[in-house]
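Next come two complexes, and both contain subunit A; in the first it sits with subunit B, in the second with subunit C.
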Partner chain A sequence: MGGTADITNDAASLYRFVESIQTFCELQRGFPAYLEGSRVFLSLIEELSRSTKKYSADFPAGLPTNSDDYRVYRQELRTLRYGWYYVHRFVKPIADADTLRLPGSLINSLVRRLRSVESFGDSKLAILHIRELNYLQVIASGVREAITQISSFVGSSSSFPPDLGLIGIPYSQAKAVFLNSLIAHEIGHFVFEKRQLKDALALKIHAILNSTFAPVKDLVQKIGDSRRIPTAIADWSEELFCDLFAVRFIGPCYSYAFIEIFDLTNYLSRDGSLDKDAAALAVEFSYSHPAYLYRIQKQVEMLKSIGWWPHIRASQSTCQKILENSESLGTSYFSFPFGSDLQKYFIDCLDQVLTEIRTAIEESLKGLDTGVAEYSRLSRTVKDYLLEGVVPSTIRDPDSGKRIVPETVTVLNSAYQLYLDDLPELIGRIEGQDSASVEHRAKWTETLENWTLKALDDLALISAKTGV
Partner chain B sequence: MNENPDSRSRYLALALASRKALRSLSDYVKQGTIDEQLESMVGEVVESLKATRDANNLFGPTPKESPFTNYEQVVTLDEVESDLKNQNIDIVQKLSKPLSLHVDENSRRRDAADAIRFFYALENRALHHYSSQIGSREP
Partner chain C sequence: MAVVQSSEIQRRLGLSIKDPASLVITPLLNEKDAFSVDSIDLRLGSHFLLPQVPPQPYATLDSENPKTVPLHVHVPWGKYLVVPAHQTVLGVTLEFIKLPFDLSGQILTKSSIARTFVVIETAPWIHPSYRGCLTLEIANVSNTPLLLHPGVRIGQLILQVISPPPDPKEAVKLKGNYLGPVYPEAPKFKNLKDELGSIGITEVDLPGICANCKLPVT
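Presenting the complex of A and B:
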C-alpha cells in the first residue's frame, strides 16, 4: 500500500536516532561519577529511548487507511522526532558534567540548603555544561514537559521526577566558586516551576495589568501587538523572582556574581559614579529580561529588606559601587520595548507585581534563615582564617572561644567579600607575590576559591556526620 | 520577530499539547470515550481565543502553565483560527460545543472532525515555527 513504506522509513529513522542517544547514555554508566540528579536524568533518557524504539517499531502497524486519518497519524512521528531533538540537546551536556567537572561541594551545599526547606526535602539537581558563559537562560520546564509528553505517547513507565531540577553551568567554570553563586538563580527557576508560581501569579498579573493600564487604553491599543505585553511581564516576573530568590537564598554573593558575569563594573566612571552613556543599554528591558541595572536595583532593595545591607555597605569594591549607583537610579531611566509613552505604567505595574513576588519568595523559603545574623558574627573570623591560609571548616567562636561550624552562606559571602576587598592583603602576606600582578591575583583568587570549596566539602562531611 | 530564548520550547509545548488532544480525539472517535484532559485542554484553547477577541481585555490571555497562553502560542492559535475562518469554520464556536456520546463511530467522527482539523493544523504550525528556529540559539 502506498505510504506504508514511507512510514516504515520514517519510523526507522526515529528508531535509529533514539537508539544513538540510548547507546550514548549506556556508555556513561561506566567510569564517570555523577551527581544523583544527573544519574537519574540519564537513566530516564535510557528508559525513554527503549520505549520510543518499541513505539517506532510498532508504528507502521497502526497506519490508518483513511487519508485524513493518515496525515494526522503520520504527523505524530514528526512531533515525537522534534520532541527528541529538544531532549537531545540536554543529554550530552549532562553527560559531560560528571563530578570531576563540577563544583560538586558548592552544588551539594546549595542542595542541602534547599532540602532544609519544607516541601523541597527530596530535591535533586542534574547539572549540564553549556557552551555560553551564561547561567541565566536554561529553563528546565521545557525539557520536563517534552519528556513527560513523549513518555505518555510512547507508553513509557518512567516519568520526569517532580523533585529533579536541571541547572546549566558554563563548562569552563567547574572549579569556580564565586561565579557559580549564580546557580542560586537557576534553583529559583526550579522552585518557581515546582510551586507552580506561573499560575499563581497569572491572575494577579492580569488584574494588575488591566487596572494599571486602564487610564491609557488608547495608547495601549496603538502598540503594534499588545498581546506580547502579558508574556513579557510574566517573563520579567520569573526572572525577578529568581534574582530575588537567589539573594534571599544565599545573600549578596549572588549580586556580586551577577555584576561580574555581565561586567557591569565597566559602567563605572573614574570617580566611581555610573557612566550613564556607557550604561545606556543596561537600563533597557528586552522582551524576555528586565534591564540589568533594574535587576540590580531590586536586588539592593532585597538586600536591605532582609538585613544584609549594613554588613556590606562599607565595602570599597567596584561591585558595591554598582549596587549603590543602581539603587539611586530614578525609575525614569529605565526603558521598555513598547515605546516611551507607557514607561511610567510599566514601572507601576512591576512595582505591584514585585510585591507579589516578594511574598511568593518568603512563602517558598518559609523557615529558612537568611544567614545574616551568623554572617555578622562570624564573617570577620572566617576572613581571618582565609587570610592565614586556613580552611574555615571549623572556627573558634569569637564570643565563646568554642569550636563551631559556620554555615554555607557565611563561608561563601565571607570568601567573596574577602576576594572583593582584601585580596591584596592576602597576597601581601605571601613572599614573592605582588597584588599588582594580574597573574598573581588570578592565582590567589583560584587558591581562595579552592579553600572555599574545601571548606564547603568539609561542611558537607560534618553535616552528614551530625545529621544536620 | 525578536524571539525569546524560551520560544522554541513554547512552540514545542504547543505541538505536544495538540498531539495529546489529537490522541484523545482519536480515542473518542474509535472508542467513544471522552477524557477529562481533553475537555480541560479544549477549555483552555477556547478561553485563550476568547481573551484575544475580548474588546474589554486590553492584552489577551495572561501566561500560565497552560501551553496556549504565552505570546508565541497565542499568535499561533490566532493564525490557525484565521485560516479556519477563511474556510468558514468558527473554531471557537465549534470547540465550545461539547462532544456528544454517539453510539456509532461515523457520528463521532463527524462530531470531532473540526476539532481534529484544528489541532492537526495547530500541531503542524507549531512544529513549523519550532523547526524554523533550530540552530538559531543554544541552550
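Presenting the complex of A and C:
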C-alpha cells in the first residue's frame, strides 16, 4: 500500500529531525556546564524528543484503512513537524550558551535577586546566544504553545515550566559583565509577561488615550496610521516598564550599559554638552520603541526617585554627562511617528501611563531593597579593593572594621563606576601599563570584569552557606 | 624566616586594604575550621585547564613555538572532574589572595590529599604583594582515576615573614605577569631566542617539522 510507505518515510524523516535536536540537548548531562534554567529547558526538549521519536516509530502502525481518514492522520505528522520547527530555533542557541560562554555568576546573581521577591521564588532563566547585537526576551507563550502541542500529540506529560524565562544575549558579549547589566531589562520583560501586565495596563492605557486625545479627536482621525497609536503606546509602555524595572532592580549600572550599547556618548560635543544635531535620531520614537534619550530621561527620574542620584552625580564619566544632558531636553524635543501635531498629547499620555508603570514596578518588586543605602556606605571601600587589584567579595566594614560581604548591587555598581571613572588610576598602579594604551585599557577592563564576576560567584557561595 | 601564626594572620586580615601589611583571603568559608596554628586551608575552585596534545609532538619553553591551547572547563559546585591515573590538570584555588608586602607564602598539598598520591602544586612559592587565585598544577600520580569536586579543601597556605622587611613603598606598584588571575593560568613564556640571547647564547636549536607527517625532522 503506497500510503504506508509514504507515512513510514515521513515518520522516519521526523524521527531523524528530532533525533538531531536531541543530540544538542544531551550535552547538558555532561560537559559543558549550564545554568539551571538552560538545563531545565534542554532536559525538557530531550524528553520531548524521546517521546516524539517513539510516537514517530509507532506512527505507521496506526494508519487508518479508510482513505478519508488518511489525510487527517497524515496531517498529525505535519503539525508535529511545525511544532518542532518552532522549538528548533532555540535549542542550539541555548546549547551554545554554556557557563563558559556567558557571565554565569552575573546571571545567577540576578536570578537570586529576583527570587528574593515574593512570587518569583522559583524563577529560572535559560540563556540563548543570538546573532544580533541586542538583547531580547523570548515571549514564552509561543514556546509554551509549541511544547504543549507537541506533548499532546506524542502523549508526553512534559510542559513548559511557568517560572522559566528565555533570554537572548549577543554571542559576542558572552564574557562581558558591565554590558550584560542589560539583562535586567529582559528580566523586566519576563516579569511583565508573568504578571500579565500587558492586559492589566491595556485598560488603563485605553482610558488614558481616550481622555488625553479627546480634545483632538478629529485630528487623530485624519492621521493615516492612527489605528496603530494604541499598539504603539502599549509597546512603548512595555519598554519603559522594563527600563525602569531594570533601574529599580539593579541601579544605575543598567543606564550605563544602555548608554554604551546604543553608543549614546557619541552624541556629546567636545565640551560635554549634547550635540543636538548629532542626537537627532536619539529623540525619535519609532512605532515599537520610545526615543533613546526619552528613555534615558525617564531612567534619570527613576534614579532620582529611588535615591541613587546623589551617589552618582559626582561622576565625571561621559555616561553621567548623557544622563545629565537628557534632563535638559524639553518635551517638545521628542518626535513621534504620527506627525508633529499630536506631539504634546503623546507626551501627556505617556506621563500618565508612566505613573501606572511606576506603580506596577513597585508592586512587582515589593519588598526588594533598592541597594542604595548599602552602595552609599560601601562603594568607596569596594572600589578601594578593586584599585588594589583585589576581588571584593569580603571587605572590611569602614565603620566597624569587621569583615563583611557586600551585596550584588553594591559590587556591580561600584565596579561599573570604577570602570567609568577610575580605570586610569587602576592602570596607573600597575607596573609597565599605560592608561593611554587602548590595548592596556581593554586588558584591564576585562580583568576588572573578571574580578567582578569572581566576587559575584563568591557572594553566591557565601549566601548559599549562610542562607542569606 | 619565621612562619606566621594564626593570630597574626587574623590581625592582618582585619587591616585596611590600603595598608600594605594587609592580607586578604576571600571567600573564607567555614572560617573557624580553615585555620590551623600556622596555616590556612585553601579550597579547590571550579575552573580547570586540561592539557591538550600539542600540534607538534613536543612542547618548548618558548612563546613562539609550538602553541598549545589547553581546554578550559568549568565544573559547577557539586559536580566533579575526573583526573585519570598519571594525568595532570591545571586547577585554581577558590580563594583569591592578596599577600602583604612583607610576607611570602607557600601552598602545600593537604596531607590527606597527598596520601592519595595527588600533588597539587609543584611551584608552591608565592611572592609578597601577590594578588590572585593560585593556579594549581594538579598531578594524579596514583594508579587510580580521581574525582575532584570543586570546593573541597585541597591545600594549605603557609605564610612566612621576610626578614628584614622590604620597603612598603615598593609595594605601591602592582606587578607581575600573573596579576589578579581568577582562572587557572596557562604558562606564559618569553621568546626562547631572546631569553637565551640575553645570557649570550645566540644559537638555539629547535626541531624542524615535516610538513606532511608533522613529526620532528633533524
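Heads up, the rule we're going with is that the second predicted complex is superposed on the first by the 378 of 468 C-alpha atoms of A that agree within 3 Å, B and C clash if a C-alpha of one lies under 4 Å from a C-alpha of the other, contacts with A are read in each partner's own complex, and residues count from 1 in each chain.
We adopt the following convention: a residue touches a chain if its C-beta (ideal position, glycine included) is under 8 Å from a C-beta of that chain, and two chains touch if they have at least 3 such contacts.
Because the structure is predicted, anything quoted here is derived from the model rather than measured.
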Of the two partner chains, subunit B (first) and subunit C (second), which one does A:10 touch, if any: first, second, both, or neither?
neither
Is A:163 touching the first partner subunit B, the second partner subunit C, both, or neither of them?
neither
Quick one: classify A:324 as touching subunit B (first), subunit C (second), both or neither.
neither
State whether subunit B or subunit C is in contact with more residues of subunit A in the superposed arrangement.
B
Applying the document's definition of touch, where does A:83 land relative to subunit B and subunit C: first, second, both, or neither?
first
Mind working out whether A:447 is in touch with subunit B, subunit C, both or neither, as first, second, both or neither?
second
Subunit B versus subunit C as contact partner of A:196, first or second or both or neither:
first
Is A:388 touching anything from subunit B or subunit C once the two structures are fitted on A? First, second, both or neither.
second
Contacts for A:227 in the overlay, against subunit B (first) and subunit C (second): which applies, first, second, both or neither?
first
In the complex of these two chains, what residues of subunit C are touching subunit A?
13-18, 24, 26-30, 72-77, 79, 94, 96, 98, 131, 133, 151, 172-175, 179-180, 182-183
In their shared complex, subunit B is touched by residues of subunit A numbered 68, 71-72, 75-76, 78-79, 82-83, 85-86, 89-90, 93, 128, 130-132, 137-139, 141-143, 145-146, 149-150, 152-153, 168, 196, 198-199, 202-203, 205-206, 209-210, 213-214, 217, 220-221, 226-232, 234-235, 286-288, 337
Subunit A - residues contacting subunit C, complex:
31-33, 98-100, 104, 381, 384-385, 388-396, 401-403, 405, 429-432, 447, 450-451, 453-454, 458, 461-462, 465
Subunit B - residues contacting subunit A, complex:
2, 4-6, 8-10, 12-13, 15-20, 22-23, 26, 52, 57-65, 67, 69-72, 74-75, 116, 120, 123-124, 127, 130-131, 134, 138-139
